[in-house]
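Below: a set of structures, written as structure tokens.
Next come two complexes built around chain A: one with chain B, the other with chain C.
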Partner chain A sequence: MLAYAIRRVAASIPVILAATFVVFLLVSLTGNPVDRLRLLDPPPPPEVLAAEEHRLFVDRPLLTRYWLWLSGILRGDFGPSADQHLDIGSEVFSRFAVTFRLVLLAMLVALVLAVVVGVVSAVRQYTVIDYTSTFLGFLFLAMPAFWLAVLLKEGGVFANDNLGTTVFYTVGEASVVVEGGPLARFADAAGHLILPTIALALISFASWSRYQRASMLEVLNSDYVRLARAKGLRRRKVMTRHALRTALIPLVTVTALDLANIIGGAVVTETVFQWRGAGRLLLDAIRARDVHVVMAWLLVASTAVVLFNLLADLLYARLDPRIRYD
Partner chain B sequence: MTDPLQQQVRVPLPLADQPFAVTERTQTQLVLRRFLRHRLAVASLVVFVLIVLFAFVGPLLWTYTYFTSTPDNSQPPSLTHPFGTTGDGKDLLALVMRGTQQSVKISLLIAVASTAFGAVWGAAAGYFRGLVDAVLMRVADLVIILPILAVAAVLAGSSDGAWWMVSLVIAGLVWSHVARVVRGVVLSLREREFVEAARALGATDARIIFRHLVPNAIGPIIVAATILVASGILIETALSFLGFGVQPPDTSLGILVSEARTAVQTRPWLFYFPGLFIILIALCVNFVGDGLRDALDPKQTRVRA
Partner chain C sequence: MRRGFAVLAVLTLALAGCATDQPSAGQQDQGQTATSVGFAECPRNPSTCNSGERRRGGQLIYALEQQWTSWNVDSAGGNLLYTAQALAPLNPGVFIQAPDAKVQLNTDLMESAELVDPTTIVYKIRKEAVWDDGVPIDVKDLTYLWRVANGRDCDVAKCTPYTQAGFEQIESIDSPDGKTVTVRLSKPFAEWQALWGQSRIYPAHVAEQAVGPLDNEANLAKAVEFFGRTVPTWSGGPYKLQEYKRGDSLVMVPNPRWYGREKPTLDRLIFKIITDVPQLPTALANREVNAIYPQPQVDMVQQLKQDQNANFYLGPGLGWEHFDIRTTHEFLKDEALRRALFTAVNRQALIDKTVGQFAPGIKPLDNYNLFPGVSPHYKDVITPTGAGRGDVEAARRVLTEAGYTVGADGLVTPGGDKVPPLRLRYTGGNEVRKVMCEQFAEMVRPLGITLKVEPTDDLSGTLGKGDFDIIIFGWTGTIFPFVQARQTWASTSASNYSKYGDKEIDALIGQAVETADQAAASDLLNQALERFAAGYAVLPIYQKPTAIAVNKDVVNVRNNPTADGPIYNAKEWGLLAQ
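Coming up: the complex of A and B.
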């Protein structure tokens, strides 16, 4: 298993490198981070511009710049940012800490919801519950994440206005000043998480509950479930011990494959709720043509996706004894 | 008087001599019949066609255009402005028409471009197998590990925001799904007799791929393309919402929602109309895709045609 994991990670390294190279080429060819300074009035002296270009590697050939970035990464250095005071390494990680909090919580909520709704609507196929959840699934599948997020945010503001107190936090990932100990800070951060988590979770929940329903239906119609019932096991026991366990397997893969999409959704959700998370970092960096920040961002995001998919595959082997990695 | 017993035991005509009461149906007719059975899918198709007409013919008939300002600022929906007006006095109906037009155009181009590219890519991978397959599919993996929206923002942020540029950027990130599907189909198709026959007749690889393999995989390809229209419109509107898609003064449904996000409570029409159009389009396309899947894959459907 360990050998398999190592092989998998090793195989994904060239893929990640190729992806960073393509993005590097595209961002570098279409913009220069120093151009922003040229627009200043009065423009800085040429020596300053030249020094800035040298600091950001812009004065070197394209391939050299990529090599400088790559060799920096191997030493743990994410390269210079257009913002002189920004340490890209620590900034990217602290921003992603905020974002992954949201992403993981939303995934968890979406998973629990999807399993419950998917299983119930499979067991009660063609009943009101099934039709309602199918309709809701299609609706959320068609709903843009940003629209739902804005709706929830305004709903929160509306509720706050009418109740006269702040029940839902609608701006930022935490309050600027929190009185009290770590417990108060935790409660504050959790409060800020509620609405964004719902917005992000509902979108993934839609497709996952459809998968869960389909796989549960398939299992319920299989011979071994019929056998388990025929030999006299109680329905509840067959459902939980025999059917559900097998029916969960496809969802593991789907969840892992969706992580990249959820990170994309988190960028949108964070924008709506004005979080200082990884989403804002990326969007600001794109506007400033800050190549090294964009590269660091994509490196962290794609590594997370690769590791997550690996985790899913290993979990797969735990859930399904027929699968062996060697 | 005939003997009733004799009548009963009358031997039926041999099968080949019986006149056929059933007329022959072509594959297309079968698919069409099965699709028409799917009432929700047909209704969705009708709504989608109406939306397309609204977006492309509507602006020719409607009094206002998306770029002219009227003296009526922030009017709620009324007879003169059925969807109301924006803060700078633009007619929202005209804006929604233009936005829908751009969003539909972009998502259709995304579907066509990524499907065509992905189908050929996947067919080549499945047909040649071996090293070619490994290399082609590894490239397809490239785009799976990246958050599409983030990369699209990076790439579109580097372009000037022309609608076809936005389409091609998104298409460049979503084609791998089609490639994967087509590769799977082609892997099994390539072992079939008709491919062997074509090869025996001296057909080139390109001819086999384009004339035999891709047309035979058309069912899954069409279904994948339909789903891409729905995800295309969601990605495009999200991108425009973030400010990296279509650029003002042109508009898209995403931009309209983005501009209305602070006005949900004070001028709700600005927020709800464009949003509802996005949902309606994506919903209809998904239902049509569902109907097509059932119609093109008889194994999956409960209805007989």
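Coming up: the complex of A and C.
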């Protein structure tokens, strides 16, 4: 198993390298990060602009710039940022910590909801519950993430107005100043977390619940489930011990593959809710043509996706005894 | 959906149950117990509107739209509007730019600042004025900035000043006692009030402790870098910084050593960075921020107007939009073609179709650097050129007299060449600019001219490379117009993207910059701008409005279109007394 994991990680390194090269070219060719200074009113002296271009490697050929970045990475140096005082390494990791908190919680919520709704829909096929969950699933699937987030924010403000106190927050991960003990801080953090988590979770829940329903229906109609029932096992036991376990395998695959999508969704959610996470970092970096920040972001995100997919593969073996990795 | 709201309601109640009896500072009461007079008086009394008696205590959260890269607002990399606003309560200036767009002496810091003759300025700093560590604010602090910006004591590539204007003309700074400072200039400088006024004063002694004596280039450059990377531990203003969360917020508390006559009443002044502007109205409605100063957009204005718990004001700004023609273009180098384009465009119609929808009073702007209602020396330099009136017939005559003809495929030059489609570019995502460009294209179609409207995602790159035939963009504007005019319109300036100009314009602007008398300097500038306007290279469209909105219990926060912004009077900000 360990050898398999090492092989998988090693195989992904060339893919990540190729991705960094393409992204480096794309971002570098979109513009010069020093141009933002040229539009200042008044613009700085030309000598200042030249010095800034030299600091950011912009005055060198593209391939040299890529090599400078790559060789820096090997030394643990993420390169200079357009923000002169930014330590790219620590900034990217701290931002991803914020994002992963949101993403993992949203995935957990979406998974639990998807499994419950998917299973219930399958078991109660063509009932009111099934039709309702199908309707909701397609509704959330069709709804753009940013619009859902904006609707939730409006709902939060409406709820606050009627409650006479602020329970739901619409910007940031926490209030700037929270007076009171741990309970107040917990309530504040929860108040900030709840709307973005729902916004991010509902989109994934919608598709996952459909997968879970289809998978569960397939398993329920399989011979071994019928055999288990024929042997006299109780329905609940057949469902949980035999059917559900098998029906979870496709969902594990989809969940792992969807991580990149969810991080993409988090970019939108973080923007609307003004979380200071990796999504905002990426958008700000792209706007500023801050290529080294974009590259660091890409490295962390792609590594996370590789590791998550590896984790999914390892989970298969856990869920399905027929699968073995040598 | 009902189920969704039911879930929301349950969660609401659950969380309400979790909350402590005493709401936290972040969980402010939703209800407002007092209502300020609001902004109704702002058009007549811009510097006193929304005044009110303040209660002691409380916190006020002011939203900023951008995070900054450097704390040194006097350096090229740090000279951002938002950095300047965040530093205003900490780093004083000799002058204040007030909401009525006038320059006022900062009487907390200064006893006086006078131009005693065209090349001599005498500053008297109040003896009570000290940094929060008790060190006097004095000549050392003024000298530090002069030395990093004059280009002689420190190479500009190393000290990276955002401007050298005026500082390069200072020959000497003398002071017998540290508080009375005599500055001698090599030649007169029209905008002498911008010196240590538009720039901010930093504590030289703090830099000296960090990098050593500020008497050599190396240490000066280190000091610039030090002030850029160091989160302010100092204050010479009404507040001091208590906590900074990078890119998220700043918490300021009253400076116990504040020497000003007006004392802050707030327990905390908080700056919250919200970079996605459309989110600001919701945050204000939810009282997560109490004051916002966003770039106005149609949807946002509608949303703010409907907010029953907020006061909202749309006022005149100093930023302005304009069309620039690249005069090095093969066809557009001909003045007749440029003149016809600008004569055919109807600026009022462009305004009515766009920003006029939410700010009905906006009129076309007829000057490049002096604004109506801001400068007493404002002069209409556009109307005499006939540009911007939408007179298609006049435009046709211009072309006919110049020998142009209209063929089946469009306009043909006197030399028989067909004028190709011209690229009119705008910033992608900016709907106002897009609609203006589309309307412009419609207006000149009868002349046989085709404008191809194209977005750009990289405005600065597009401008820098001259990758346009015509382009719409904005300048921020300032109440110090002369240096700005030189940097924007001089024929050799990199910021003159139209590339139009001549030596006479350069000379007139140069004389204006070096004329101490404001009226005489303005007259010279207007002469230069009249000549510039007659080149039909840049057409001002309109002055951009500014928007401010505050919760109804917030007082003394008001629109300030100058570079100082609403924060100019942070010491007076507060919550209305019951």
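Simple rule for what comes next: the second predicted complex is superposed on the first by the 318 of 326 C-alpha atoms of A that agree within 3 Å, B and C clash if a C-alpha of one lies under 4 Å from a C-alpha of the other, contacts with A are read in each partner's own complex, and residues count from 1 in each chain.
Convention: contacts are C-beta pairs under 8 Å (C-beta built on N, C-alpha and C of every residue); 3 or more make two chains touch, one makes a residue touch a chain.
What you see is a predicted model; the values in this text were computed from it and never measured.
Asks: When both complexes are superposed, which of chain B and chain C contacts more residues belonging to chain A?
Replies: More residues of chain A are touched by C.
Asks: Identify the partner contact of A:V15: answer first if only chain B is touched, second if only chain C is, both if each is, neither if none is.
Replies: In the superposition, A:V15 contacts chain B only.
Asks: Which partner does A:V157 reach: the first (chain B), the second (chain C), both, or neither?
Replies: In the superposition, A:V157 contacts both chain B and chain C.
Asks: So, A:G31: does it touch chain B (first), chain C (second), both, or neither?
Replies: both
Asks: Thinking of the overlay built on chain A, is A:V306 touched by chain B (first), by chain C (second), by both, or by neither?
Replies: In the superposition, A:V306 touches chain B alone.
Asks: Could you look at A:A142 and tell me whether it touches chain B, chain C, both or neither (first, second, both, neither)?
Replies: Touch partner of A:A142: chain B, not chain C.
Asks: Now for A:A260: first (chain B), second (chain C), both, or neither, which partner does it touch?
Replies: In the superposition, A:A260 contacts chain B only.
Asks: Once the shared chain is lined up, is A:T271 touching chain B (first), chain C (second), both, or neither of them?
Replies: The answer is both, since A:T271 touches chain B and chain C.
Asks: Overlap of the chain B and chain C footprints on chain A, residue-wise?
Replies: Touching chain B in the first complex and chain C in the second, residues 30-31, 139, 154, 157, 271-272 of chain A appear in both lists.
Asks: Taking the touch rule as given, give the residues of chain B at its contact with chain A in the complex, in rising order.
Replies: Chain B reaches chain A through residues 138-139, 141-151, 153-155, 157-159, 230, 234, 237-238, 241-244, 254, 257-258, 261, 264-265, 271, 275, 278-283, 286-287.
Asks: Under the stated contact criterion, what part of chain C meets chain A in this complex?
Replies: Residues in contact with chain A: 1, 3, 5, 8-9, 11-12, 15-16, 18-20, 22-31, 59, 61, 67, 69-70, 76-77, 79, 155-158, 160-165, 228-229, 245-249, 251, 268, 270, 272, 274-276, 279, 282-283, 285-289, 457-461, 463-464, 475-478, 483-484, 487-488, 494-495.
Asks: Which positions of chain A touch chain C when the two form their complex?
Replies: Listed in rising order, the residues are 30-32, 35-52, 82-86, 91, 136, 139, 153-157, 159-161, 163-172, 174-181, 183-184, 186-188, 190-191, 194, 271-274, 276, 280, 284, 289.
Asks: Contact residues on chain A for chain B in the complex?
Replies: Touch residues, chain A against chain B: 12, 14-16, 18-19, 22-23, 26-27, 29-31, 138-139, 141-147, 150-151, 154, 157-158, 257, 260-261, 263-265, 267-268, 271-272, 282-283, 286-287, 294, 297-298, 301-302, 305-306, 309.
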